[in-house]
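When the chains are written out, they are named A, B, C and D in that same order, and each has its own residue count from 1.
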Amino acid sequence: MNPINYLYLSALLFTIGGAGVLFRRNAIIVFMCVELMLNACNLAFVTFARLHGNLDGQIFAFFTMVVAAAEVVVGLAIIVTFFRSRHSASVDDASLMKL
Amino acid sequence: MAFPLLTVTAAVPAVGAIATAAVPAGRRTAAKWLALGFSLATLVFAGLDAARFTPGGARYQLTESHAWIADFGVRYQLGVDGIAVVLVLLAAVLVPFVMLAGWHDADVLDGHAPSRNWRPTQGFFALILLVEAMVVISFEATDVFLFYIFFEAMLVPMYFLIGGFGDRAGPKGEGEQAKQRSYAAVKFLLYNLAGGLIMLAAVIGLYAVTAHQLGGHGTFSLPQILQARASGQLRLSSTAERWIFLGFFFAFAVKAPLWPLHTWLPNAMGEATAPVAVLLTAVVDKVGTFAMLRYCLQLFPEASKWAAPVILVLSVIGIIYGALLAVGQRDIKRLIAYASISHFGFIILGIFAMTSQGQGGAALYMVNHGVSTAAWLLVAGFLITRRGSRLIADFGGVQKVAPLLAGTFLVGGLATLSLPGLAPFVSEFLVLVGTFSRYPAAGVIATLAIVLAALYVLVLYQRTMTGPVKAGNEGIRDLRARELVVVAPLIALLIFLGVYPKPVTDMINPAVKDTLSDVHRTDPAPQTNASLTAAAKESAK
Amino acid sequence: MDHLIGALVGAPLLGAGVLLAGGRRLDRAGHWIGCLLAAVSFALGAALFADMLGKPTGQRTLTSHLFSWVPVGGFRADVAFQLDQLSMTFVLLITGVGTLIHIYSVGYMAHDENRRRFFGYLNLFLAAMLLLVLANNYLLLYAGWEGVGLASYLLIGFWQHKPSAATAAKKAFIVNRVGDMGLSIAIMVLFTTFGTFSFAPVFAHATSASQAKLTVVGLLLLLGACGKSAQVPLQSWLGDAMEGPTPVSALIHAATMVTAGVYLVTRSGVIFNAAPTAQLAVCVVGAVTLMFGAIVGCAKDDIKKALAGSTMSQIGYMMLAAGLGPIGYVFAIMHLVTHGFFKAGLFLGAGSVMHGMNDEVDMRKYGGLRGYMPITYVTFGLGYLAIIGFPGLSGFWSKDKIIEAAFAKGGTEGWILGGVALLGAGITAYYMTRVMVMTFFGERRWQPAPEPDTAPSVEPGIEVHPGDLPHPHESPKVMTIPMIVLAVGSVFAGGLFSINSAFVKWLQPVTGHSEGHSPVTTGEVTAATLVVLAVGVALAWAQYGRAPVPVTAPRGSLLTRAARRDLLQDDFNHVVLVRGGEHLTRSLVYLDHSLVDGAVNGTAASVGGLSARLRQVQNGYVRSYAVSMLGGTAVLVAATLLMRAV
Amino acid sequence: MTGIIHSLWTTAADPALPLDRIPTPKIEYAQLSPVLIVFGAAVLGVLVEALLPRRGRYVAQLGVSVVGLAAAFAAIVALAADGYASTKSHIAAMGAVAVDGPALFLQGTIVLVALVAAFTFAERRLDPLVHGRRVDSFAAQGAAVPGSEQEQRAVRAGFTTTEVFPLLLFAVAGMMIFPAANDLLTLFVSLEVFSLPLYLLCALARRHRLLSQESAVKYFLLGAFSSAILLFGIALLYGYAGTISYGGIADVVSGTARMTPALANTTANDALLLIGGSMVVVGLLFKVAAVPFHMWTPDVYQGAPTPVTGFMAAATKVAAFGALLRLLYVVLPGLRWDWRPVMWGVAIATMVIGAVVAVTQTDVKRLLAYSSIAHAGFILAGVIAVSPDGVSSVLFYLAAYSFVTLGAFAVVTLVRDAGGEATHLSRWAGLGRRSPLVAAVFAVFLLAFAGIPLTSGFAGKFAVFKAAAQAGAVPLVIVGVISSAVAAFFYIRVIVLMFFSEPQPGGPSVAVPSPLTVTAITAGAVMTLVLGVAPQYFLDLAGKASVFVR
């Protein structure tokens, strides 16, 4: 089938992810939504790689995964400490600093 | 290469500032004498400048020129024309008096030392010297950028002088007083900074234009620009010239100050101690008017002529407005401030009347106003510190208890109302004649100010000095030796310049002639000759 | 010889410098130094006069160029002097009368601890006045002009502890400044018209300038003259100026300074001759002031103020004459000189009286003094006869000539002016007789001791203990001698001048002179004058000589009351100028604060408000930050695409 | 650079050559040495953590970082001296990393900044002794819950988070690659390489840990979000051009690339290019804290440990602007007419909002955060002038600004009361009375921010505005001038507070720092004045380094 559809799908996923970041309160879920966005990007990469018939996109996808993994490591660490000190993972609780 | 006299003249006070600031906390008096010494040394060098300057010689003399910031087309380039020499001398002459008058101004702050290296006295005198250095170099600079840098930078020490060592003889309590002070200081700084930043845009514009026309790198060198324009290499489009001119003029008009950009001056002068106020009006503000004469007219002749009518109107308004408000003041220092606004109106009027009398008068006025304001305001300062108040209503009959103080105060006032025989008369009359010969209406309206001046000066004198001694004034002591040393020479100078201003005018005239030729203006010819020739034509027919 | 001119001015200037800068250590010798230097300059003047007489009429003008004062472009003002017959006349008057009054003051100011300062100011005045009359250009004249203004300010306010004195001094200076403004503008016009303001070239080219210009100049000069010579509408200061010590009133506000206006007009004769409108204006001002002063003089009970009124009116005569052009110049000056003698004499007399009456000035508290101070009585009397124009005495010669000249102007103007002058003579006789009688004749009204309720008439600041009665006595020689000399002058000067019209011949080369064809003969004028004179005297005698004079002034007619208040001129000034001015300045102060300053503060405030509002966006919620980011991205993308679209 | 650059991946993908003939990629280690050195030091740091006993770590870590950074700087200088900044500049590592003027200049700046920052990281004199031990501004144990028993123990045991040094070094290495990255992959990876350590560093404050953690969370989530956007942009660019190398994309954009049917298909409409390009730009604008992607800045700056804030504020801006420059000048010059107007808008918004909002700030660190936003706007003005002048002016501004910022934040660490740093402005009242010297130095930094002549701030401002004006962006200059007038107002406010208002009783005291912080502050002050009074040498440097290799 026409690879363009994959692009639409990736765009859709990206949007969903973005929406999640905006609408979900739980830090973990917000973060997962970001991961979703990254994966949307991966899909796009792979699709374009197919389109152009070169491997750059695919390679890039692999890198993205690695990076995403690294992000998870750091992110979870931060979120966990955050959670442990406030017993809540709601990003809306992180609003001591404002104005 | 020749001995860099101008650099040294500016460097001496700068070095002095550092040296003074370095004096350890305990040695207050030592710091004072050190600072005074440096200011006197500056005076010596300024004198040398004047001596080495040959009137009617090259346009810019004692020049120095070194590469500085090639990327910005900036050179460290100094040179003085007659007006600059005179003004440098003025600054160098006034600063020692300012120091002597303010000898004890910082002592109050010395009382409670919150920390080991709390040295207000050292700071006070160091800042004064710093201001002097920056003023001097901005008079000497022949590179627009160099000038601009110090024109802006001098705000900082001035700001600390006003806000940090302000007048404690205010009408309100100390707390309120502190508020007032820092308000005045901030107002001063922001006004001038805003002006300066607008000018920055114009300076950048100037660079862009020159860079575009002279190929590749722009230049800020005044002589180079003048030369390029003379040779037709550089031809500013009238719109560009006007915009850039406005940018420059705005900054200078704030500094000068020109109505309606004047409101920072009364606050600043009211809150600063008298010596600092003198430093501000008599020395620092002169940079503004000087810059109009040098940069606005020389760089942008066409735009200057284009804007002249409006500026003349503003300055005439300023003259009358300032005088009227001076009449209405309750606070001695604010009164003097408004009087100064009126006088700055005269200076600007003279500059933009674009006649040799007008501009010569304006240049002379800068000097005379410096001296007369110094004399009047310093005596006023002595009076205020004695009584601990600056409200006119708190004084009365002082002449009975302190005749000498009253007398000198009167002389200062008479100078301010430009009485013949005292310096300001000559310059004021020149400005008026110069203006009248091209714009009669403006001249006539401006002349009204001589009546108003008499009004505010004499009313002030009457309320404070004459009549029965007012309660609280009995204790006012007459002038001390130190204060006499400050006042007497100033008065002598006033009389000398009033009776024999020729040495100064000889310095100024060639510079004025050059400036006028820059703007392609000649004095209007007396009408009789015209009418005579007309009659001749009639008869010929 | 011509270098002496500089010395002429220099001597008193030196005196002023020494006395004022000298400080207390000169207190003991100060007054003699002052007198000496005044005398020196008189001597110099006399020497120059002798030298001048020695020369043929043609080359009597001396000039001396000291140094170049203000050279800027085409603008050349030099410190240079020009001594011709006109200046010479003034020099002699100023230094002569000046010296006498210096001497008189030694006695009069004996008890004042600031006597040194007083003499310093007097010398300063002499210097300035000499500068005024000797200058060879208008700017230098202006310098002297303002200089005498300063001296008069300092001397009127000499007793600064008296608020009234301080106020009077300030008033005098400021009113004068209004006149000075006219003069300085006149100089500007001259400069723009002729490219110079030195007398010689200006007068040489005067005719080549447009009449309009000359008229403007003339009117402006007149404005200046009005200020200095207390002519309507700028006369209001002279009455108050009497707050100054009496010698000052004698020298400055009677004999010399107030006549500067007449000098100015005469000196600028060439210009006025070419501008008839301006000339007429001069005449009108003179005539009006003549009447004004006379009427005021009739109503005042303060002896000095009465004399001040008369001064005003006499100067009105001079102005009138000067306005008549070549017919009148000479007589203006002649009357000026004679007036200098007798008016100075009268003031000194008044001073002597006050001296004896511990500074009482209210004539209603005098009376019958002739027995107590005979010399004063005689000298004052001679001065009195001179001023009312008693045949043979100075005033007779000069005043009649003016009246005659006024008629000689011809046409209705001539008749009106002449009539006014004639009437003025009558009124003069009336009020002077009044003064004379109230002071020296009648029964004495100065006992018992002044009650508290008379305090107002006593000059405030000078405490009056009920208990020390006035014990009238003759003044010391140092005061009487000058009075005698002046009396002699006021008797004979006029006569001397008129011996085969010597004075006319003397001044003619400078001012020019022409005998106008008078519709009435000299005899007729004289007769008429004598008649009105007699009437005036008789009226006064009837009113004050025969009937006893009430100690407290009666309410009097409307005119009288108005006249007592200087014909309401001050009230007018107060309401219109002072009040108006106060309101103007007050509202301006308010505007400056609220409008000009407010605009700036307003901008600052609005920036602050904007900032506070924008701050709210930073609400601390991650998700809202994310929204702004995503929104921003969307906008950016959209904008980029749009850029491509358009 | 002529000819098409083959990135590692395309050659491998070329079906023409069989798998056994894949050429080994050529890596110019010498030219990459600066980055490699820093990475090496970082790894060494990790080893130190693993192997050395607690006591020795602090010294060892500090030593490693300082030596490593110094060596890296030496290497950079050597390369530049060798001409890699100008004549020999080319693209190393098979097209992944550019070695040219801008890269080296920015790397040099970053390394120096990091060196100074390392000193402030190591400062141990400011906090009072804890159980007789000196402590720095980092948590005893990052994992421990604030105020928990565990934390107590860690403190008692005298733990210290010496891991900050390796983290710092990793971040530095990433930042060094960021402006040098010559293909989108390197760009993305390096972005993450320097971001992740920063997230962690933010969370490690000893005092105010809640705030610190909050800042970390915000920074992390938003950072991840932005990098997702960036990544999607990259994907679209790749989709458009079929390559991820800068040069390749540029060629495609300018139409000089070898056309393949696929390319013809994707380049048919520019939407991909435009959207992708602007999304990548957004990712970078987030890092430079440009409006409207600035909102993380104040919170993160306030919460993070002040030394970290200083480092971030200085180094991140340098790196990010470097990358932005390269992207706009090397990849998208063909789209100039599309992105320039947009950037105009961003620049103006950034200048104005940054300046205006700062007016009402009450916390020193937040104030500096907003001022950094405003400055980002000024720098953007220079970026917009697409000219060598623009590049050099930006480079100069970055160098000048980063040192002022470092110094300013270093001063902030000194002003303390019982609760640690006293960052609320009201506490700074009368500081000038208590310790004139510190207040004076801070005033110098503030004046530099305000762009008063004779400070580096003025020279920088003049340079960028000049470039902008010459590129015809006069309105931008005027807006900039006006907003700097507004900005001046709040810098002045602080000075007024310090000098003209009475010190409040029980106000904060100024701690006497160790030579480390003193060095840092001095370095900042000296640079501020030198670049202000005699900027010519550095302008020359920036001018020489203003040409991008392609």
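Criterion: contacts are C-beta pairs under 8 Å (C-beta built on N, C-alpha and C of every residue); 3 or more make two chains touch, one makes a residue touch a chain.
Chain-to-protein mapping (UniProt): A = NADH-quinone oxidoreductase subunit K; B = NADH-quinone oxidoreductase subunit M; C = NADH-quinone oxidoreductase subunit L; D = NADH-quinone oxidoreductase subunit N.
Please read these numbers as outputs of a predicted model, since none were measured by experiment.
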**Report entry** Reference chain C; chain at largest CA-centroid distance
**Finding:** A
Report task. Tell me which of A-C and A-D has more C-beta pairs in contact. Result -> A-D
Report summary line: Note: chain C sits from chain A at a C-alpha centroid distance in Å of 97
Requested in this report: List the centre-to-centre spacing of chain A and chain B in whole Å, with centres computed as mean CA coordinates.
Outcome: 65
Query raised in the report: Any idea how many Å lie between the Cα centroids of chain A and chain D?
Result: 24
Query raised in the report: Could you state the distance in Å from the CA-based centre of chain B to that of chain D?
Result: 45
**Report entry** Contacts with 2+ other chains: residues of chain C
**Finding:** 604, 615, 618, 620, 622, 626
**Report entry** Sites on chain A at which at least two other chains make contact
**Finding:** 18, 21, 30, 91, 94-98
Query raised in the report: For chain D, what residues touch not just one other chain but two or more?
Result: 217-218, 221, 225, 229, 298-299, 489
Query raised in the report: Mind giving me all the chain pairs that touch?
Result: A-C, A-D, B-C, B-D, C-D
Query - Partner chain A, residues of chain C touching it in the complex - result: 615-616, 618-623, 626-627, 630
Report summary line: Seen from chain A, its contact residues with chain C in the complex are 18, 21-23, 25, 30, 91-92, 94-99
Requested in this report: Under the touch definition given earlier, write down the residues of chain B that touch chain D in their complex.
Outcome: 67-72, 114-115, 117-119, 123, 148-150, 152-153, 155-156, 160, 163-164, 175, 178, 181-182, 185-186, 189-190, 193-194, 197-198, 200-201, 204-205, 207-208, 211-212
**Report entry** Residues of chain B defined as touching chain C within the complex
**Finding:** 190-191, 260, 262-263, 321, 324-325, 327-329, 355-357, 360-361, 397, 399-400, 414, 419-421, 425-426, 429-430, 432-434, 436-437, 440, 443-444, 447-448, 450-451, 454-455, 458-459, 461-462, 465-468, 499-502, 505, 508-509, 512-513, 523-529, 531-532, 535
**Report entry** Contact set on chain A toward chain D in their complex
**Finding:** 7, 10, 14, 17-18, 21, 27, 30-31, 34, 37-38, 40-41, 44-45, 47-48, 51-57, 59-60, 63-64, 67, 70-71, 74-75, 77-79, 81-82, 84-86, 91, 94-98
